[in-house]
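Sending over a structure as structure tokens; questions will come in a sec.
Per-chain residue numbering starts at 1, and chain names A, B, C, D, E and F are given in the order in which the chains are listed.
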Amino acid sequence: MDQQKVKFSIVVSGAPYGSQSASTAYQFCASALLAGHEISGVFFYQEGVLNASQLVSPATDEINLPDFWAALAVQYNFPLEVCVSASLRRGIVDPQEAQQLSLEQFNLKTPFVLSGLGQLAELSAACDRLVQF
Amino acid sequence: MILHTVKTSPFQTLALHNCLNLLAEADTLLLIEDAVIASCAEHADYLQLQKISQQGRLMVLSSDLEARGVNNNIGKTCDYHDFVNLVIKHKSQISW
Amino acid sequence: MIEKKVGIINRCLPHGSAQGRESLDLTLAMSAFNESLSLFFIGDGVYQLVDGHSPEETLQKHYQPLFKMLEMYDVENIYVCEASLQQRSLNSKMLLIDVTLLNTTALQQQLALQDQLLSF
Amino acid sequence: MDQQKVKFSIVVSGAPYGSQSASTAYQFCASALLAGHEISGVFFYQEGVLNASQLVSPATDEINLPDFWAALAVQYNFPLEVCVSASLRRGIVDPQEAQQLSLEQFNLKTPFVLSGLGQLAELSAACDRLVQF
Amino acid sequence: MILHTVKTSPFQTLALHNCLNLLAEADTLLLIEDAVIASCAEHADYLQLQKISQQGRLMVLSSDLEARGVNNNIGKTCDYHDFVNLVIKHKSQISW
Amino acid sequence: MIEKKVGIINRCLPHGSAQGRESLDLTLAMSAFNESLSLFFIGDGVYQLVDGHSPEETLQKHYQPLFKMLEMYDVENIYVCEASLQQRSLNSKMLLIDVTLLNTTALQQQLALQDQLLSF
């Protein structure tokens, strides 16, 4: 299988800042894609949903992990799925949810999308290897 | 065949200890993030880790060693490319 | 296509973190799409099932009753680490639901059978 | 000192959801105030800054910790200071910062305020007891 | 006189172990959140904890015991009101 | 009013969490307001000071050079747990800055002198 193209699904459970695991997940994905493999999708769960915030604004000498995820997903055309219930509890909201909840602001970044845990089941079914960070 | 990834220091958590309790003979252990320190300094589970290293089943992510300015005494260093291949070679992964 | 066997590992105490609650959410949701789920309770994870949680004063959600829905959702492979129970002076009669106790070797064998593992 | 009125300053380092420590901090503050003591202020640092999000939207059977903090602070008239640099890295932004960073949205909740670490030094100097959660 | 608050389980982290290494004779140890389990089940540092309990220096937050459906075997239970008074009685606090 | 003695305790490895970096930020910022700061490096915290961090590939900020600013900011009470160094086969020559080594008893005494403690 080493020489074959492998489909990965990735579960990110850590915040973009404060712990390293989301950065590790990003480097893993970038490396897998560089080696010619495929990412079926990245599912953001638990603290991982904070990677989807468009308001993350680190200093200029630091990397912006949400930007990195967005650029990688656009370049290689894979979805960034963010668990909606984990998101709402942690203050990650898209325009539609904001409207439903009567919130005047939202913060979900493009191309991250809020989705249900069923989406994780689909990513689990679709891939050759599931990796959790 | 399971790839176990451990990411916390054996001086701070029992993740490595609890992982070793479940590590089967066909499994591989990959130390990442703060857990790389387990390959540098002696701790309560160092002898067992050494045994796994001698069996060729202990890997250490080199970029995390470099980040912390340390070198491993046991285990085989690997980069992200190797990490990807380790995942491919194993049926499943447990993140500790 | 044969359905993938997915194992969900619970390793944490309830309420100090959201691990237990979000693992259970995920289990109940995934059970609608995958009939080959197995749950593992190891280490402190066994406390998730110890009957009698009462987290109201800690401001945490009382999700323990939802474990009873596992049966309704046809999640039947529920494995508990026997050594972890013993180490904590607990036994299976103190647990909220019916489970299968496994020794370490049997646990390793069951884990090895899974195609994918998620850990909480 | 048991019978006297004591001034507490509180440091909250944990997120409102995902770990318990912010809830513990809240219960501590509520109990201290009920006993007649004073809270000089609460300083939110590290993951604690996420307590200041107005977008946190848990299910109706769960408590909304940012709401709880806001209500307690208004009732007892103490400040909720949020470290600005820890906030920006984690996507907590007030209207002024949003404007400066050219962000179209913001999410800081009232009456939380973004402030520098100097404010923590002031809270440290002003109190009888500093407690970290 | 330091009040040490520990919040993680002795089966998952070494916070309690590392705290005990620095606990001075005048200090008090308060178990909160997941750490309350250290007063219920035997673990690597249980004997030392028992000694501190016998000296009247071990407190356990009762709401966290109740949350987890367990009872303490050692230590004195306390509520948040007692927690506040413990902070007042000690000069400083370390959060582990 | 006598200035309060504030102790800042560092217990974590660098880069796996932001503890070390945010502790240093706090120290440098507070030093402008309080001249009685003391820093403690215990357990894995000693790795914060081991010279030679190179975190670029991990995407983490390389904040270690900022430890050299402590002197400029007049933060001079920097205590390192001797036992923690020894346990990790490290010694003070491997550290980026000059520190005072303390054994466990001396460490307890210094901690007891502080009016307030913050832990990272």
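The rule is short, and it goes like this: a residue touches a chain if its C-beta (ideal position, glycine included) is under 8 Å from a C-beta of that chain, and two chains touch if they have at least 3 such contacts.
Note that the structure is predicted; figures quoted are calculated from it, not measured.
The set of chains touching chain A and also touching chain C is given as B, D. Counting hops only between chains that touch, chain B reaches chain D in a minimum of 2. The chains in contact with chain A as well as with chain F are B, D.
Where chain A touches chain D, over half of the residue numbers in use are shared by the two copies, so each contributes mostly the same positions. Across the assembly, the chain pair joined by the most C-beta contact pairs is A-D. Of all chains, the one whose Cα centroid sits at the greatest distance from that of chain B is D. In this assembly, the C-alpha centroid of chain C lies 34 Å from the C-alpha centroid of chain D. Once the centre of each chain is set as its mean CA position, chain C and chain E turn out to be 27 Å apart. Chain C and chain F have Cα centroids separated by 40 Å. Counting only residues that touch two or more partner chains, chain B has 7, 11-12, 18, 33-34, 63, 92-93, 95. Counting only residues that touch two or more partner chains, chain F has 11, 15-18, 43, 57-58, 60, 116-117, 119.
The set of chain D residues touching two or more other chains comprises 17-18, 20, 24, 27, 46, 62, 85, 130, 132.
Every pair of chains in contact is given here: A-B, A-C, A-D, A-F, B-C, B-E, B-F, C-D, C-E, D-E, D-F, E-F. Contact residues of chain A toward chain B in the complex are 1-2, 6, 8, 13, 20-21, 24, 27-28, 30-32, 34-35, 37, 128-133. Residues 11-15, 18 of chain B are the ones that touch chain E when the two sit in their complex. Chain D contributes residues 15-18, 46-47, 50, 53-59, 62, 66, 85, 88-93, 97-98, 101, 103, 105-107 to its touches with chain A in the complex. If you check the complex, the residues on chain B that touch chain A are 7, 32-34, 63, 79-81, 83-85, 87-89, 92-93, 95. Against chain B, in their complex, chain F makes its touches with residues 11-17, 43-44, 47, 50-55, 57-58, 60, 87-90.
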